[in-house]
Amino acid sequence: MSFYYTRIVHFQDTDAAGVVYFANVLAFCHEAYEASLVKFGINLKVFFSSQEVAIPIIHADVYFRCPMFCGDELIIELMPKSWGDDEFEIFYQVFLNEVEEKWVARANTKHVCIHPRSRSRQNLSDEMRRWLLSFESS
Amino acid sequence: MSFYYTRIVHFQDTDAAGVVYFANVLAFCHEAYEASLVKFGINLKVFFSSQEVAIPIIHADVYFRCPMFCGDELIIELMPKSWGDDEFEIFYQVFLNEVEEKWVARANTKHVCIHPRSRSRQNLSDEMRRWLLSFESS
Amino acid sequence: MSFYYTRIVHFQDTDAAGVVYFANVLAFCHEAYEASLVKFGINLKVFFSSQEVAIPIIHADVYFRCPMFCGDELIIELMPKSWGDDEFEIFYQVFLNEVEEKWVARANTKHVCIHPRSRSRQNLSDEMRRWLLSFESS
Amino acid sequence: MSFYYTRIVHFQDTDAAGVVYFANVLAFCHEAYEASLVKFGINLKVFFSSQEVAIPIIHADVYFRCPMFCGDELIIELMPKSWGDDEFEIFYQVFLNEVEEKWVARANTKHVCIHPRSRSRQNLSDEMRRWLLSFESS
């Protein structure tokens, strides 16, 4: 089961080549992740500034097939996958709303759960496990 | 008559002080401007990369009353005002959806219509005049 | 006495109109502020994430005279001005290195010293007073 | 032979978790690429907005080992590698100036030379071939 997030390309997202600046596509994907957490009932302000637990990204990857332009309506599909007790990965496919069959970009991000100060690993919270599980149901 | 744009604060919009980075609020306002143009039927890709006409911002101003946090739902009110044939100004009020009575930020941007190469002034297109007029009806 | 900061325009700073996105110029000015604090011996990591004191911007203003392009070398002049015990303002002039006589953008930011949690005002630290004073010597 | 680019972490680069927002590290790497082109004598304004040739990124990858904070001085090592006549890849290592031995992030970007309108492939210019060759000399 996937989560879908819709995002219009803003003028600020573009660069002087007239298309979306490459690194911004990863930010679009992160917005989809945030929207998915919100839909699950997670408070983003608390989630991202906790002194007890952080889930930083340790790896990100992005492929581009087509340029994206200002005003384009993107649909981002998000599919998380659990890796043990303290890690997960998220796969993203970015589609243009007008041409839904073909993806224009694909990305993935790998997240590890740590203590923000010591940076040592810790297990994901029950809430995050439930969020991950919610994608496994068919 | 005003146009209203809703915008969730993303993680990327924030800074290490835990709140929205000040200059990003002007970008939120510009998004409201873009959304208003789209609703009026204007193609943003063509509008912002035209070789014939550009409407750059020559002045921007922003006041902050309250901090904005990741996950906050903002409502941005946009009210343009015409200044002669080649200029207009846009006033913005940013509200938190939860506390609608009080604005958290106010901004305005002044736009001048020019030839992109010569940078000399030219009159606004009929389309932009109609966009401006659409806000004057009661 | 002024502080000068040099900044190359990056590709990411530009938009599909081929020039620097307007709100990014305020971010360039904030970089000049940061560079000036660093030169004065202030640790930015501590300064911007303190739980005891914050100095948020409550107003920002920016004028644009000329477009800035990718690769342009900007020189930003910074001149702070004290306003009582808990406020200050910074004036910025942005010059193109090649044509130094004329500014291409002018900005100012107004900063107020507060407690980050209560958001009530407090006096600026001795360190920040000394930073402000350092600009008054001729 | 490598190219080295020094970059201070700005306040705007950070997020509410107190560290550099992940996708911004790819933008730092792109800045290193731009600085390397400038040093080679390439005009960035012409390079990035040409109507005849574009070299978009088709893949990007980034690993994070340590968080980066506001004020950190980063040193980015850039090593391009040629792939035939119309492609190249760039490898980046990001170091903290204070602890130079260990990288804090590693990235790579893959670039393909195309016609901006048709998006069909074309050979890299002689200038870009010379830029690539300049890294192969020992």
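By written order: A, B, C and D. Residues from 1 in each chain.
Just so it is clear, a contact is a pair of C-beta atoms (placed from the backbone, for glycine too) under 8 Å apart; a residue touches a chain by one contact, two chains touch by 3 or more.
Please read these numbers as outputs of a predicted model, since none were measured by experiment.
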Which chains does chain A share as contact partners with chain D?
B, C
Of all other chains, the one whose Cα centre sits farthest from chain A:
C
Report which of B-D and B-C is connected by more C-beta pairs in contact.
B-C
Whole-Å distance, C-alpha centre of chain A to that of chain B, is 27
Calculate how many whole Å lie between the centre of chain B and the centre of chain D, each centre taken as the average of the chain's C-alpha atoms.
32
With chain centres taken as the means of their Cα atoms, state the distance from chain B to chain C in Å.
23
Where chain D touches two or more other chains, by residue
11-12, 14-19, 21, 23, 27, 30, 45, 48-49, 69-70
Within their complex, chain A touches chain C through residues 11-12, 14-19, 21, 23, 69-70
Residue ranges of chain A in contact with chain B within the complex:
8, 10-12, 14, 18, 27, 30-31, 34-35, 38, 43-45, 48-49, 69-72
Show which residues of chain C lie in contact with chain B when the two form their complex.
15-19, 21-24, 26-27, 30, 45, 48-49, 54, 56-67, 109, 116, 119
